[in-house]
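Accompanying notes for the structure given below.
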Amino acid sequence: MVAPEEDRYFSPEPTQRQVAHRLYERVKDLALVCPHGHVDPRLLATSHYEWGTPVDLLIVPDHYIFRMFYAQGIALESLGIPRKNGEPVEKDHRKIWQTVCDHWYLFRGTPTSLWLREELHSTFGIEEKMNAANAQGIYDAIAEKLQQPEFQPRSLFERFRIEVLATTDTASSALEEHQRIRDSGWTGRVIPTMRPDAVVNIQSDYAEQIQQLSSISGINVIDYHSYIRALEQRRIFFKEMGATATDHAALTAYTEHLSEHEADTIFQRALKGNADQADARRFTGHMLIEMARMSVEDGLVMQLHVGSFRDHNPQLLADFGRDMGADIPTASEFTRNLKPLLDRFGRERDLTMILFNLDETTYSRELAPLAGHYPALRLGPPWWFFDSILGMRRYLDAVGETAGIYNLAGFNDDTRAYPSIPARHDLWRRVSADWLAGLVVHTIIDEDDADEMIIDLAYRLAKQSYKLGA
Amino acid sequence: MVAPEEDRYFSPEPTQRQVAHRLYERVKDLALVCPHGHVDPRLLATSHYEWGTPVDLLIVPDHYIFRMFYAQGIALESLGIPRKNGEPVEKDHRKIWQTVCDHWYLFRGTPTSLWLREELHSTFGIEEKMNAANAQGIYDAIAEKLQQPEFQPRSLFERFRIEVLATTDTASSALEEHQRIRDSGWTGRVIPTMRPDAVVNIQSDYAEQIQQLSSISGINVIDYHSYIRALEQRRIFFKEMGATATDHAALTAYTEHLSEHEADTIFQRALKGNADQADARRFTGHMLIEMARMSVEDGLVMQLHVGSFRDHNPQLLADFGRDMGADIPTASEFTRNLKPLLDRFGRERDLTMILFNLDETTYSRELAPLAGHYPALRLGPPWWFFDSILGMRRYLDAVGETAGIYNLAGFNDDTRAYPSIPARHDLWRRVSADWLAGLVVHTIIDEDDADEMIIDLAYRLAKQSYKLGA
Amino acid sequence: MVAPEEDRYFSPEPTQRQVAHRLYERVKDLALVCPHGHVDPRLLATSHYEWGTPVDLLIVPDHYIFRMFYAQGIALESLGIPRKNGEPVEKDHRKIWQTVCDHWYLFRGTPTSLWLREELHSTFGIEEKMNAANAQGIYDAIAEKLQQPEFQPRSLFERFRIEVLATTDTASSALEEHQRIRDSGWTGRVIPTMRPDAVVNIQSDYAEQIQQLSSISGINVIDYHSYIRALEQRRIFFKEMGATATDHAALTAYTEHLSEHEADTIFQRALKGNADQADARRFTGHMLIEMARMSVEDGLVMQLHVGSFRDHNPQLLADFGRDMGADIPTASEFTRNLKPLLDRFGRERDLTMILFNLDETTYSRELAPLAGHYPALRLGPPWWFFDSILGMRRYLDAVGETAGIYNLAGFNDDTRAYPSIPARHDLWRRVSADWLAGLVVHTIIDEDDADEMIIDLAYRLAKQSYKLGA
């Protein structure tokens, strides 16, 4: 055994490992702050949730997993991924699980393999490595656990020590599940996050999206002015339901301020289905500024995720829909793109805008210098493909020297896989501990500093950045 | 001695070094699979090849070496590099060798210094470090060896344990040397690779290139239609001669599908010398898609090398010609550029398209996500300037987490320096062993996984990706 | 204690640390060559310089420091940074110092914290870490030292073992302070560097800048021709005053050769305030080529710093002026941008052009291949945000394999903070020693090579690249 299990992911260098071990001990049992993610609130809206099979739990919803099989020529149908046209796909979940285990070697060295190993181990008590021989045994073990009351989502919420869990919800959501959680008397803190992409990013179904916004807000959205009022109304509603943040996805960080007249002209074209790509780009760019303005006024933290070219594989989109592992990153630019927004609101001390992206080259070149200057900016943790051991190390190395750690927003798990939450936080805590230990053994910081910084990275920065209470 | 010679390039951390040592032992004697390179097939077409002097062997053909001297103000003429106009250059090879050894310190820390050290040591039995004092002695030692039968290319082929060696050949090549190898009865597996750049990338000599294609194919190429037929004919011929792959070089990965009419219009302009840069870009972009189509049909693996700005120094091109160490990388983009090709053929499970480039930022941002999704894609090993210890480590670190290793194409030496082949594979095997050992000591993979992965990286992935047999 | 103080910043791996220690010992007491920086020559023009308070010395002039406070919502006014309109700012320097120490934790892990720690320790003899409790005591200790004759700039010059210190001066400077240094009989070597940005980069005050150039040169600058003559005159003057280099800042590395007529047309428009952004870009691009031409003729080394988007925060510019920590990097490109210049002068062996930039992705992709080919090019050390432990390591890792170290320009401290000079050189020397030790323990170089390379990196390369004498 090259390292004790308890010291996994730490440097093999004995001094560094020892310091990392000590730092990790300080935070391993701290509560989990989960300010950004995609857990379905239905899990927690009921006192009894039906998990389905291990495949329903672990494979079908996880595009990190099935995209790798797809890349190796294994059809999504054979993994039980539903087709949009309702054509039959594999229904035998034991057979699917066998296929997964037969090819699990594909994930060697990937964060997916670590998350699932941790999840099976710490949540389900399974110590074995998945392989062709033990596939059915592991299936049985998981299936058996899923029936037990301790594996109900609310029980896990406590066992995981989740302090707060934010979901992500469309602007037109009535937040019914959140209301059910409140009404149920259960005391877990589950809060919504308003993600208005569907009404901000002009796409083919825009008129329908605006219609929904009209309905839910009770404001007759007929022009840019009423549109803005409706959005403001939704923000108030989300705040009342506990939200502390909004979230925005865009292909780029492009921002541009439009006059109200220009904005309305594009908006009207969009309602009629006549807006082109340039319109869409400008409108999103304008609305990011407008959303920052609203955040200055109502205090909601503004998250911005940029750089994903969604649905890159058109046939897959047609056959299976969105979020099928076919979203591919693109190069990003912030220095020029974000300037119009920052010119207006970058100096606001009460605005918190958290930036995420998929182009690591921006970390040291643009993001750390921007966050190390503008009061309004914080950097989100490494996102998506970079939510990994090396992704985290490269991020901390790239931003730490210029921005320090106090312009970062801590960690968020960003997952729709509820039972993987502790594994994801644990990975961040371990990597952070090892990274700080590296600074200690290189005499860059002392152990007193490290003692504070590990708590900041593991817990405080997320809580504070997302205004989740003292 | 800080590390035993046998553990060179491994981590100094004792546990990691020990694991790396063990992993390396598993593959150090495996046969060499060389699916992409630039060895001149003439070397192997004859039972007796005349090597010339050590300078002919090691300096004159190696732009990695003479570009460094040039950068330091040492004229290429003084290194015996022939001028295009036939003007005299240094002919005294002992004097050239002395110049090389006098300035060999310039290569401290470079892969060139490691390759040559290994080559001199393991192939020529020379243990000394090259310097001003021992220059002539080393010259003598090499020259003496080159006369021995054991140093004949075919003998080295066996001593190097080369399982298969692919050359790179123009589409209009008659593959005469390959035919001579076949006819000779020698059993070494040397196969051609079709590289149709000269007839695909429109340049000033395009009409002449097409004329050659006409002649060799026996198809009268007068329009786009006959052009495509001629290319298909050449692919059949290359396959008959053992080829399993084609290779394509382009400044960018831009692809665009043209109608047959558009393609023909540009082709006709090109024949008349009237095509402009935009024509050339679109035609190459279209032909990459067309070549992928042919690969789907005939099964040839398609390699794509992008990002080199060739012949950056126009005076050097005029004086000495191409491949003089003046090719400079440029930024690359794949997510958008490759989409038209992938829209058509990315989902094909039987297509294998292997991507190479010189912009490391694309590894984690675009290439790993693309290869981790599309069945048709594999990532080639780090190319050219990145065929180095750190280049390999950065590559494996950047792509391993997202693509895993099973969407990679293993290693290829890409060299025209035949005697350096074992040194290059050995470097890859050592770096791979050390990289996997790093994963083991960080408890990311276990030793059983590493035992398989080292064989995959050193041998199996290359063989399988290039369809070189079971 | 995880590492002895004397081995700070070295690898924790014992063998590497030991080698690093030995290499560092070879250079730690070598004289400091400071070929590029922003020290005010007034400090050294007088035998008695009045430092002011510790805040005057360490906080007010250092945008690395106050931008971090600003990013965390601490107003610049409260740090005593003067407003352009003369409105009052905090004047109580003890209070400012307390604010700084109260929030010093913000710098944990940053190079600023290391520089200041080293500076306080080695120059001022202060061992304590700055914090809220000891703020006033440290203030007293510094203030007391600043009164002592040993802390006068000329005394520090000797104590720091500065061999040569280059300042940076506008083309229209009369270099009066340099003349005073010469006239004083003091023998420290302080030399100017001509930075003609204000007369090369067309901005709103261009006519005024040209007027100053006319006055100082005694050449009536009325057109492009007289403008060039005036610049040539200034270069002669700077050379006479000891300069060995010029320095040029540009947003990009764009170069383009204009005909004299085109250049004059733009120049005339600029004088009248009618030049647009495209004019400015082309004119700068042309003048970089023209400056290279002059460097070929007069032998002055040409430095080029590109990639900083200056004054990104317009309100801050309006309120406080330039150099307020609001300069943000942008992506850079060299392969295409620099080609017109290199086509003309890249092959010149007597030209030395030193490139700096803020986009690390160019290191391995463009800069190392360019410097590893063109005789005229050398790479400057990591600049600004990258003048840090990891910035240096990434730089050496990225360029060392392709360019070797002999196409690098060694180190320069680039600082306006005179007392921090030794700390900055020491950091480079330590990181270089540790980096070379890494090559040694990986058996990439041997210790004999490392023994030479550490002196090259620490001393020789800077001296030689900037033509500062044998």
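Some points to look at:
In this document, chain identifiers A, B and C correspond to the written order of the chains, with residue numbering beginning at 1 in each.
Methods note: contacts are C-beta pairs under 8 Å (C-beta built on N, C-alpha and C of every residue); 3 or more make two chains touch, one makes a residue touch a chain.
In this text the structure is predicted, and so the values were computed from the model without any measurement.
Setting chain A aside and leaving every other chain in place, the chains that still touch one another form one piece. Counting the residue numbers that touch the partner chain, chain A and chain C have less than half of them in common. Spacing of chain A relative to chain C, judged by their CA centroids, is 40 angstrom. Those residues of chain C in touch with two or more other chains are numbered 13, 361.
On the chain B side of its complex with chain C, the touching residues are 2-3, 5, 7-13, 67-68, 70-73, 105-111, 114, 129, 309, 312-316, 325-331, 358-361, 385-386, 388-391. By the touch rule above, chain B contacts chain A in their complex via residues 13, 15-16, 19, 333, 335-336, 339, 342-343, 346-347, 349, 361, 364-366, 368-375, 377, 397-398, 400-407, 439-447, 449, 452-453.
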